[in-house]
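Just so it is clear, A, B, C and D label the chains in written order, and each chain counts residues from 1 on its own.
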């Protein structure tokens, strides 16, 4: 399995800790399923902790974008936490750095939902 | 570099600590050069410590055999020390287990030259 | 088969599972010829994008159609060509993924990745059908003033 | 190129440096299809021996001659074929490396390795020249009484 996803609940906020690769096929599908699962349960305040992500191909970036817009469509928010240098580079290249709300501190990310 | 060779001298005995792979090309050639270098210096009481060797292809096994016979030809001896399980399997398969003098204890190996 | 001495070719059936085989081979080749970890990482990603496109858009997941990848280890540059057996496409007509209107598109960034990570990316149609993507990456930073071409020389070396 | 859906092919120029590329690809394939570490290690070594023979004895290090390796991922077994472009040889006439008179020979143990580590090894001459070695290794221990062939089925699966 190339992507491992652990779920944590802090009040109304859900943090998904992602570890591994988000790539075409398995990784992207797992991410989509995990976020959609939360949205179906009405949990639409979501933080993706990318601290453990080593690799995101263009399909993975596309998946981040579409989970972002889908979450927004439900009136919720999907934010990013702990971007490794290479993932930050990828968001810069694709001009998505300013599209996402990005946090470096978990506590601040949680509080930003209040 | 696939094979690392460290040389230790204990009296008239030389121990070569081999770490890595002994395979066709680089690894086998390095082993040949190291042993021949010792023989040219008149140091023909040699222990090959294979404890760090993870892989020996048929060319590597052939090199062990030919360094063994070359050393013997100078009136010296080449003995083996610390065989990992897989290397022991390979010597069994090739019926070489009884050809080589094999030790499991370094001190005993050194003393066997006296 | 006759082959130049500095060439490695890999052919896979059109299965996403096989893409990792291509990227790992890419890592082994870039490592063997002395790319630093950072460059190797981005070459890996460019190759992944190109092979994924060949499987997805080119061969449309037809498991009977192959993707043919060729690595040419030049003195100055590593060249990678990726060929599929699909209908081909015209890269000049693609939407720009950096256009503000396209930023939220769920796809369309693969070729941008390739062009960003490699020194050059070119597309052509194969005379017998399908696309060929040719990408290259220099092996070492050019010295100032050095103007020689970055292509493959007569006597290429695996290690430089 | 048309290709069965369960096939991966690698072609290298006849350079010893490239053998590691083949064995690492082998590791990735055996890992992908669920071989345990021990089996994967020995398959790796058998493939190394066969490719080394193709480079050394078959193609005689002619860098313009390729070695063509094909992995066929069958339901029951992994099959690997290694083809060179040399003069071929007759495997039935080789000295036995286990004969007491041959034990101290510096070479001649490669095919013994292959036969020991794989479930089957067969040689044939390619109609257009060169040798083809075909080796196979079962993917899982057969259940007692299970008599079906270990070859490739119509619908082969990458993962079982």
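To be clear about the criterion, contacts are C-beta pairs under 8 Å (C-beta built on N, C-alpha and C of every residue); 3 or more make two chains touch, one makes a residue touch a chain.
These numbers were taken from a predicted model, which means no experiment stands behind them.
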Residual chain clusters - subunit D taken out, nothing else repositioned: A, C | B
item	value
Reference subunit D; chain at largest CA-centroid distance	A
Inter-copy rotation, subunit A to subunit B, in degrees (Cα atoms; steps of 5)	180
Mean-CA-position distance for subunit C and subunit B (Å)	44
CA centroid of subunit A to CA centroid of subunit B, Å	54
Centroid distance [mean C-alpha coordinates] between subunit C and subunit A, Å	28
Touching two or more other chains - residue numbers and ranges from subunit D	17
Those chain pairs that satisfy the touch definition	A-C, B-D, C-D
Residue ranges of subunit C touching subunit A (in the complex, touch as defined)	16-17, 19, 41, 45, 48-49, 52, 56, 97-98, 103-110, 112-113, 116
Subunit B to subunit D touching residues, read off their complex	23-25, 55, 57-59, 61-63, 65-66, 68-69, 86, 93-96, 99
Residues of subunit D that touch subunit C when the two form their complex	1-15, 17-18, 20-21, 24-25, 28-29, 32, 63-66, 68, 85, 158-159
